[in-house]
Each structure stands twice: as structure tokens, then as C-alpha cells.
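Below are the C-alpha cells for one structure; questions will follow.
To keep things simple, chains are lettered A, B, C and D as they appear, and every chain counts its residues starting from 1.
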């Protein structure tokens, strides 16, 4: 996925406290970067993760697959991008993290999420409509 | 403060991801340890930080003073303790973190907190009563 | 995997700061729990993740697959367990997180890790020998 | 302290995972923001926290005082600024966090740090010289 083919991307910079004693970004923190990119994407299309929660609709991750390719370290800038598609009740997010200095890929991830309404996974027409418009515009 | 004079204490163990690239526990994580000890103390006397929040009463920290004495590192076990007293509308928590292996003090902290009800700092009779019973029992 | 069939397990308790605005443990924190269980397992068999790093041998996660089943929330106690096997140069860890109150499974995970020596994935005879002894003892 | 009088400032945005179950940024995370601003300041004047560590010189926080004024929440953008002065062997950092939307101050902090060389607090001529040049330029 490149800047041209990605649906969305953000630029971030490693914060030193995100590195662990190996001197590289701790594995779990890439999940934070991926989540933040998804939530910023939602926000960019008018959907707030927080507001939906307070209205009783939770966007919930059900599965993550993350391949760790090359680590990020102190001082690195990086891009987190995403594409998405619907599969049954699930929305699949395909995400990558790229080191801007080295041009190397750091992480490739596939994240499955569902809307949970009153405790149950459910198609949420309102969210689907917005997502579908975005995907239609992209083609 | 010792195990005898402390109002409450918990034992924890450093988790490797809490260490940063200096190989020692990152400063902000000691604040996590201190918070967890306070919330476990609350729980031990029948007060749940989470339940109060959902009832519209938030226990909010207004000031922290933390002296960092000796660092914790990978593999260390430690004790987090606390004492407290009321001062005006504020509850003051005096907390320490002790390394169990070395016997050295790691952190000394003074944390001020208030109950916030409908967005305003306020004495909360219910919480004060429970705290006062605990303090009376200790004397 | 049960307490009887797991190679190793630890008991932990949710810390309130690990919960996000949905009121449940943030997804990335389960990865922290899983990592801490693996590192405590290593320590239990005489291998320190930190010491190996300082000797130039890094245990590096190359892939995670995590299924999120039911969330943990404020006050919950849980067990993190693990089993493992070798597959080529990789060690595979199979891990679960169980809620102790509800008895429900929270997370199922498969984590692939390699030893990286001088920047390259490599079989590390010393580590393999210790792992093999543990696995042999278990059978 | 304003943009004009501050020695340095960075702009950041709240990430949802930094909010806890109260729906606001968890107290310890402000320490992360303050640290990141200090490290970015160091980097901006040619000092890398990480490089110094690998050369055996650690910049270590010995005391923090943080006043929490108004909380940050999901979606907020904010500025973290800093000023500094020398006091004995310690460098004192005066820092603030301002909410960009509301214009309200969120946090006021005073952070004391020392250089630790071979395990002892020590004036580090190299670092002092760079800091002094920066401070002289500002006047």
C-alpha cells in the first residue's frame, strides 16, 4: 500500500517512553499506533469512537494479526496507513507502518472489528453507510 | 512508613515493558503503580473507583509530588504503600515504593485528590465517612 | 488449555489505568499481559529476557495473532497461560487469558518469536536446550 | 508561559488509548507528554536522550511536581511547552500543557533532572554548555 493507494494515513514520531529495554518500540505499542490511525480515520469521516461509545455503540476489535518486519527506534518518524473492506458482519482493516527515514516497512497488520450494540455484534446501518460512501469515492 | 505504620500496601513486580531504553522503569510508570495502590486500597474498603465514576462521582488527582530515589529494573519486586489524611476539601495520600530485593526506597510521593461531583470539587459525605472509619480504626 | 495442560501460568489483576474510555481493558494491554507471562516463564526456567539482551541475544516477536473473546474490566482477576513448540527457526507460543471471576476466556493468542543474534534470526543452542528440557519434562 | 516566552513547544493530539475509564487522559500520561516535549527539545538542540544513554550519560528525573488543572479528552489537541534554568547540579524544567480548543491550561509542572555519569549525579560540561548557549540566545 502506498500513499496513493491507502485510504488514509497519519504521520507520527516515536516517543522515547515507547521504547523498551531492547531500545526499540515495544511490540504492544504498534497496536497503539494502529488503533490511533483507525480512530483518526474515523474522525476524518465524521465518526468519533468516543461519541459512538457514549451513544451505546462500541466499535470492537475481535482479531488482530500483526507481522513485525523491522523495528522503530528513538527519533524515528513513521507513517501508519490503512485500507478496509466489509466481510460479513466484520470490517477488516489492512494497515502498515513505514519508517520514513529508512523507507522500510515496520509492521503489516490485519485487524477485524465489529460494531457491538447492546452487547451483540451487529451491522450498524449508520456506520456502514458512511464507510461505503468513502469506499465508493475511492474507486 | 513501614508495613506496620502504613494504612495499606500491595506487592507488585516490574513488567519488562515498563522499562524504557535506559533499562529502568520509566518515570510515568511509577505514577501508575501509585494509582493502582490507591485504587486497590479503595477497593479493599468497599469503594470502587470505577463504580463511583459510573454514579457521577469522580475521584480526581489535583497535584502530585514525586521524588525519584533509586530506580526499579527488570525482575524487581516492590511494595507500594500509603497513608492518608484530610486537608480542607482535599484528601492527601502519602505513598512510597520500596524495592524488596535491595530494601532501598525507590519513590516517595504526595498525591492530592478531591471528589468531583457534577464537575465541582466537593466533600462527599459517603466517601469521607468510610475514610474516617478506616483512619479511626488505625489509631 | 487448562492449569493442568499449560506449561506455565501467572495470575494478574486489571489495573484501572489499563482500561480505556470504553471502560474495558484496551486491546494493546492484553499484548502486555501476554508478554509479561512469557517473560515470567523465561525467568522461571532461568532465562532473563533482559540479561540476554545485554549479552547481545534478543528474543524478538515476529508475528502475533490475537482473538479477543470477552473483555476484562476494572476489578477483574485473570490467568495468563502458555504452551510452546519449535517450528523451524521460530518458537511458537500458544497463550490464553481467562477471567477468574466469570470463568470465561478473554483472549486466545499465537505468538511467533525468534532469537536474533547480531541482527539475524538464528537458532540459539543455549536457549533451545533449556526449552527442550522443559518440554521433555512436561511429556 | 506563552508561545513567545517559552523556550520550546510541541503540538500533540490525544490518542484514545491514553484516556481511562473516566473518559479523560490518565494522569500518568501527562508525564509522558511532558517527557516527550523535553526529549524533543533536547533533540532540537542536538542532544539525543538515547545517544547519551548509550555513551554512559543518563539524564535522570529526580523530582516532579504536577498540578492538574483541567483534563484533556478524546479529540483534543494540545501544546506542551517548557522553560528551564540551572540550580546547583540540577536542571529545572518548567512546563505547561495547554488545550488548543478551549485555550485552557491543563497541567503546570516543575521537573528536576540531573545528569548521572557512572551512577552519580554530576555536572556534565558538554550538556551544560549547550543548554547555556540556548538560554543565552533566548535572553
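Some notes on this structure:
Quick note on the criterion: a contact is a pair of C-beta atoms (placed from the backbone, for glycine too) under 8 Å apart; a residue touches a chain by one contact, two chains touch by 3 or more.
Since the model is a prediction, treat every value here as computed from it, not as a measurement.
Taking each chain's centre as the mean of its CA atoms, B is the chain most distant from chain A. When the CA atoms of chain B are superposed on those of chain C, the rotation angle is 180 degrees to the nearest 5.
If each chain is reduced to the centroid of its CA atoms, chain A and chain D end up 28 Å from each other. Rounded to whole angstrom units, the spacing between the C-alpha centres of chain A and chain B is 34. Centre to centre, using the average C-alpha position, chain A and chain C are separated by 24 Å.
Counting partners per residue, chain A has 16-17, 19, 21, 23, 26, 28, 32, 35, 50, 74 as the residues that reach two or more other chains.
Remark: chain D residues 16-17, 19-21, 23, 26, 28, 74 touch chain C in the complex.
Within the complex, the chain D residues that touch chain B are 21-22, 26-29, 31-32, 35, 50, 53, 58, 60-68.
On the chain A side of its complex with chain D, the touching residues are 15-17, 19, 23, 32, 35-36, 39, 43, 48-50, 73-75.
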